[in-house]
Amino acid sequence: MAALKITKMALNSVLALMSERWDVFVPSPSPAPGGPSGFRLFEPRPMPAPGKPGPSERDSSVNRQTCDEDTLWNGTGQGGQKGRDRENHLPEERLPQFLRRVLTVKPLKELFFPRSEPILGYCVDGAFGGNGDGTGVSVFMPEGVLPGKPRVVFGARPCDAASLTVLDRVFADEAYPDDFYISRRKNTIIVGLGCNVPAPTCFCPATGGDPFGTAGLDVLAYDLPALDGDGSSQGHYLMKAVTREGEALLGFLSEAHLGEGPSESDERACMALEERARKAIAAGLPADTQSLGRVLGGIFNHPYWATLHEKCLGCAACTYLCPTCHCFDISEEPDPGASRSGGESPKGGPERPRLTGVRVRNWDSCMFPIFTLHTSGHNPRPTGLERVRQRVMHKFYYFPENFGAVACVGCGRCVKYCPVNLDIREVISHIAALGGTGVAESISA
Amino acid sequence: MSAQSPSALTKTLREFCAGLLDEGRVDVVVGFGRGTLPLRSTPVFARNPDDASRLIFDATCENNLSVFVPKLKDKRIAVVAKGCDSRWLNQYILERQTEGERLYVIGVRCQGVIDRKKLDAYLGSRRLLEGRLEEIRGQGECGEGLEGEGAGGTGGVEGAGGVKGAEGVEGARPGPGVSVSDGHIKWHLEGNDAEGRPWAASLDFEDLLSDSCKVCVKKGPVYADVVIGENGETVKGNGETAKGPEREPSFDDVKEVEGASIEERWKAFRSEVSKCIRCYACRQACPGCYCKECFVDRSAPRWIGGSDDETDTMVFHLMRAMHLAGRCVDCGACVRACPMGVDLGLLNRKLQKDGWVLFHHIAGFEREGKPLFGTFLPDDPNDFIL
Amino acid sequence: MRNPYLPDIARIEKIIQETAANDVKTFRVTFVDDEVRERFSYRPGQFSEISVFGVGEAPISITSSPTQKGYLEFSVKKMGVLTTALHHSAEGDLIGIRGPYGNWFPVESMEGKNLVFIGGGIGLAPLRSLINYVLDDENRGRFNDVTIIYGARSPGDLVFKWELEKWEKRRDIDFYLTVDKGDAGWSGREGFVPTVLMEVSPSPENAVTITCGPPIMIKFVIQNLLKLGFTPAQIVTTLEMRMKCGVGKCGRCNIGSKYVCKDGPVFTYEELQRMPQEY
C-alpha cells in the first residue's frame, strides 16, 4: 500500500489497532514512559460509542485550533504555570491537536539512544576480584534493555528522523556495531509528520533537510486541513509509504478498512502544503551548512571563538536536546551497599560479600569541562572557548570529514532552549561570512 | 505620565555605558542585548563604546548576569543589574569571590522578567513571530515596540544575519512608551497558527511573568554605583542605593506546600524531578553554583551516580538547594534556564522561608559580614553544630 | 547481540611492583576462557579497556608483546579511582578486559630500518610491546640496528628494571639508561632524556624513531630529533586523551577529526602537525 488517507478522528483507532502489533510511540508532554516532553507509549483507550463525538470534535468553528489552545491554557484560570501542569494530562483524543506543535523538547534519539541505559550487569563474589581461583565473576546483559515488541513511532518530524541517519553512522558502523542502538532501529517503523508551518527556529533546509523530507522515515504523513464538505471536522492525515516496511504498515491498516486511497485533489493539497512550507522556511535561513567545513578548517585559531563563547554557560541543554549529539559517558552503578572503593581485596575470612551492579551509559556533553579532563588535571579543552569551538567544529567540520554528513539537522532545539540565546544559526552565518571574507584562506596559509 | 519608556532607559543605558568605556573607567560592561527570537535577550559583553549601542534593558532580560563575574578576567567590570542580579553581586563580595572595587554596578529598575515556558505553554501549536510590550491606557493606545530596536546579534561580522525571527519590526511604533509605574501593560503577540493563519493576542503582563518576580522583594538594585530609572533618569548610586527589602517577603506558595501531607509532598517532588535530564543548565545559570568541582562531578569519593536514576536526581536537587540555603536570592534564573520545565523554585523558596522565619535573613543585602550558614551563636539552643 | 562494551574476564596471575614509590605495578593476566585467549590478538601499540567491577574502566596500553603467548601485561600508574582499585587487587583476582583497541605502530614499514626508541617514565609501557616484538628471535632479523634511550626522574622511577637488565646485556641493542638525578646507589648516567638523545645523536638515515613519555619530554625530544635531521614522518609517538568507549562512539577523545581511540593512539609527528593543538 503506497498511500492511505485517514481522518484525524480515526487517529486513535488507528493507533489502537497498531498497538496490537507494535508498541506505539507518540509525541507527548506527559511524564510517561519515554519521559516528559518527548515520545511516550500510546495507551489505547476504549473507543467512544458510535455516534457519540469525541471531545475534540465538539467545536467545529473556523479558528478551532486557536480556540483549542486558548482553552487549554485559560481553562485553568491561573495562567501559564498551571496551564503547563494541566497539559501534562492531555487526553489521547487531543493528540491531533498536540501533533500540531512542531517539536517535542526531547529529541527522537531518546527512543534509540536513551538518556541512561545499562549496557552490562555484573556479579562478583569476594566483593571485587572473585574467589581467587578464577571463578566468581560474571558479566551479562542486563535484562529488559532491548525492546521485545517491534515499535511504531507516529508523528516524528522529518528533522528528527533525519537525525537517525546521522546517528546510524556512529552506532551502526562496521568496526564496532552497537546493537543497543541497531536493534532498536531495526525494530522501529517511523511515521513522520510533514511540517505545514515550520517554527521560527526551524532551519532544516540549511542542513540538507526539508519540512517534508523523508530521510530516516518509513512513512511520511501530511496533515491535511479540514475542507468544507469533506465530511471531517478536523481534516485528514495522508500517509505515504517511503520504505517497504512503511508500505507493509499501511497495508495492515487498509486491511482493517481504516482509511482510503488518496484522491488527485489530495495529492495537489500535499504539493501545496510542501510549497507553502518551503517558501515560509526559506525566508530566514542561515547560510548553508554543508560547505561550512571548508571555512572551519581554516579558522581554528580565529579570534571569533573568543567572543562567541563568552556568554555560553557550559550546560548541556543544547547537546542533550540535540537529536544528533551522540556523546556519552559510561558510569559504574554498583548496587547500594555493595560498593567498595579502594581498600584491600578481602582474602579469606568467613564471609565473602557479593557485589552486583550495572554499567550504565548516559548522555554526556562536550560542553562540560570534565568531559575531557585528564586524571593528571590537564585539560585539553580547558575553557568555554575550546568547548564551544569543539561543538561547532564537530557538527560542521569533523563529523562531515569522518562520516560525510553534517551533524545538524536544523531542528532549532538548541536555538530555542539555550538559556542565553547562543543561536547556532547566527554562528553558522558568521562562519560562512568569515569564509566569504577570505579569512579562512589567510589563516590556514 | 511622562512620555518616557523602556527605550528611554535603554537609550540612557547605552549612552552611560559608552561613556564608562570611553573614559576607561571599566574594561567591560556586561549587559543585555536584543536576542534572535521575539521576546528574547542575550548577554552582551561591551568592551568599547561602540559595543554599548547593542545594550538594552526590558522585561526580556531574564539571565542573572552576575554569573559571568567570576569567569571574567577583565580588571574592572560593570554589570547591568536588576535587583536580584545586584544581590548576587553583593553575595559574591560577601563570599569573597570578587572584590567590591572590581565591580561597577549599573542598577536598573526592573518590573519583572518573562518566563518563556509560560509563553510556550500559551502558544501551544501557534508560532510566535513577533512580541512586544504594550501599555494599554484607555482606548487603543499602544506603546513602543520592544522589537523596535531592530535585529540584535553577537555582532562582529557584518551582513551575516538572515536569521528568521530576529528582524522584529523596524522603527518605533506610534504612541507613548511603556511606563510600568502606572497604566496597564500587556504582552502583544503575533504569529501564525498551525494552519498558517495569522493570529494576534494580548496577554496581561502577569501572565508571562516569572514566578520569582511575582514575589520579588526588591525590584531595584542594592549597592549600585548608578541607577538608571525606568524613565531613563540616572541617579548616582554612591554605592549605597536603597538597601533593604522593599516589602516583607511572602511565602504563600511555600505555605501551601507545607500544608500538604508528606506523601503528597513526596509525590509532587518526585514528579518534578522525573522531568529532569541532568543537563545542569540550572546549575550553570546560577551565580551561586561557582564551585570549582561540583559534588555531582566528583569521582573520589563519588556522591551520586551519573544516570537518570530518580534518587540520584533527587539528591542532586536537594544538595544543590542546601548549598544555596541562605545564599539563593530567588532570581529565578535557574528555573528559566531549565529546558524541561522543572520547578526548582519551590525547594529554594522553602529554604528562604526558613531563613526568614528563623533568622530574619534574606540573601544579597549585605556585602560584609558572614553568610547565613557561616554564622553561629554561642547560645544556640542546638548543640549539634559544635 | 553485539555489545562492544562487554569485557572478557581475565585473571591476574602476577603483580610486579615497578617503582620505589610503588605507584606503578605491572599486571600479568590471562583470560579465563580459553577461546578468548585464542581469539584475542593484538599488535604493539594497541590498548585495552580494563574493568574493575564496581569501580569502572580505564584505557591501558598492552605492554606485553604479541610474541609472548598466553598472557597479557599491563603496567599501571596509580592515578585515580580505577587505577587505585587495580593497585589494590591481588593475584588471583578477576578483572575485565575489552579490546584490543586503536591502531598500532607501523611495524611493516619499520622493517629493514634502524629503530630508535626514546622513552620516559611509564611511557616505556607501550614502547616495550614493540621492543620485545622486535627483539623476538623470529622477528629480530627483519629490523636493522636497535637503539633504546630510556630515562626516568630517579632510579626509583625506572620501570621494568627486571627487563632492562636483559636488554643491557644484549649485544644487538644500543641501550642508554639515564635518570634526571641519581641517588646514592646509582652509578649510571645522569641527564635528561632529550639531552642524552643529543649525546647519542642517532643518524636519521634509514631510521624510524618511536617516542613516548611525559608531554614535556616528548616536546623536547621532538625538537631535538628535528635538529638531528629526522623528518616529521620519521617520528612516531602515542597520545593520551580521556576515553570511555574506546570504539569511536562516546565522542570525547577526538583531536580535530581524529579519534585517538580509533585513529590513534599512534601518530607520526607529521600527522600531529596537521591536527589542531588540542591535546
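Labels A, B and C are assigned to the chains in the order they are written; within every chain, residues are numbered from 1.
Throughout what follows, a contact is a pair of C-beta atoms (placed from the backbone, for glycine too) under 8 Å apart; a residue touches a chain by one contact, two chains touch by 3 or more.
Quick caveat, the model's predicted, so the values are computed rather than measured.
**Q** Touch graph across the chains, line, ring, star, complete or other?
**A** Chain contacts: complete, every pair touches.
**Q** Write down the chain pair with more C-beta contact pairs when B-C is set against A-C.
**A** A-C
**Q** So the centre of each chain is just the mean of its C-alpha atoms; given that, what is the distance between chain A and chain B in Å?
**A** Centre separation, chain A to chain B: 30 Å.
**Q** Using mean CA coordinates as chain centres, what's the chain B-chain C distance in Å?
**A** 52
**Q** What's the distance between the Cα centroids of chain A and chain C, rounded to whole Å?
**A** About 41 Å, centre to centre.
**Q** Which residue numbers or ranges of chain C touch two or more of the other chains?
**A** 80-81
**Q** Counting only residues that touch at least 2 other chains, which ones in chain B make the list?
**A** 300, 302
**Q** Can you tell me which residues of chain A touch two or more of the remaining chains?
**A** In chain A, residues 329, 331, 341 touch at least two other chains, as defined above.
**Q** Considering only the defined contacts, which chain C positions touch chain B in the complex?
**A** Listed in rising order, the residues of chain C that touch chain B are 80-81.
**Q** Using the touch rule from the top, collect the residues of chain A that touch chain C in their complex.
**A** These residues of chain A touch chain C: 119-120, 122, 124, 126-130, 132-134, 136-139, 141, 146, 170-171, 173, 175-180, 182-183, 300, 326-332, 334, 338-345, 347, 355, 357, 359, 361, 364, 366, 371-376, 378, 380-381, 386, 393-394, 397-398, 401-402.
**Q** Provide the residue numbers of chain B that touch chain C in the complex, in ascending order.
**A** Those in contact with chain C are residues 299-300, 302.
**Q** Under the definition above, what is the set of chain C residues touching chain A in their complex?
**A** The contact residues of chain C facing chain A are 1-7, 9, 11-12, 32, 52-57, 79-81, 83-85, 88-90, 92-96, 215, 240-242, 244-245, 247-252, 254-257, 259, 262, 276, 278-279.
**Q** Note which residues of chain A are touching chain B in the complex, please.
**A** Per the touch definition, chain A meets chain B at residues 31, 35-37, 63, 65-66, 68-69, 72-73, 79-81, 83-84, 87, 97-98, 100-102, 105-106, 115-116, 196-201, 203, 223, 225, 276, 280, 283-287, 304, 307-308, 310-311, 313-317, 320-321, 329, 331, 333, 341, 360, 362-363, 365, 368, 370, 384, 415-417, 419-423, 425-426, 429-430, 432-434, 437.
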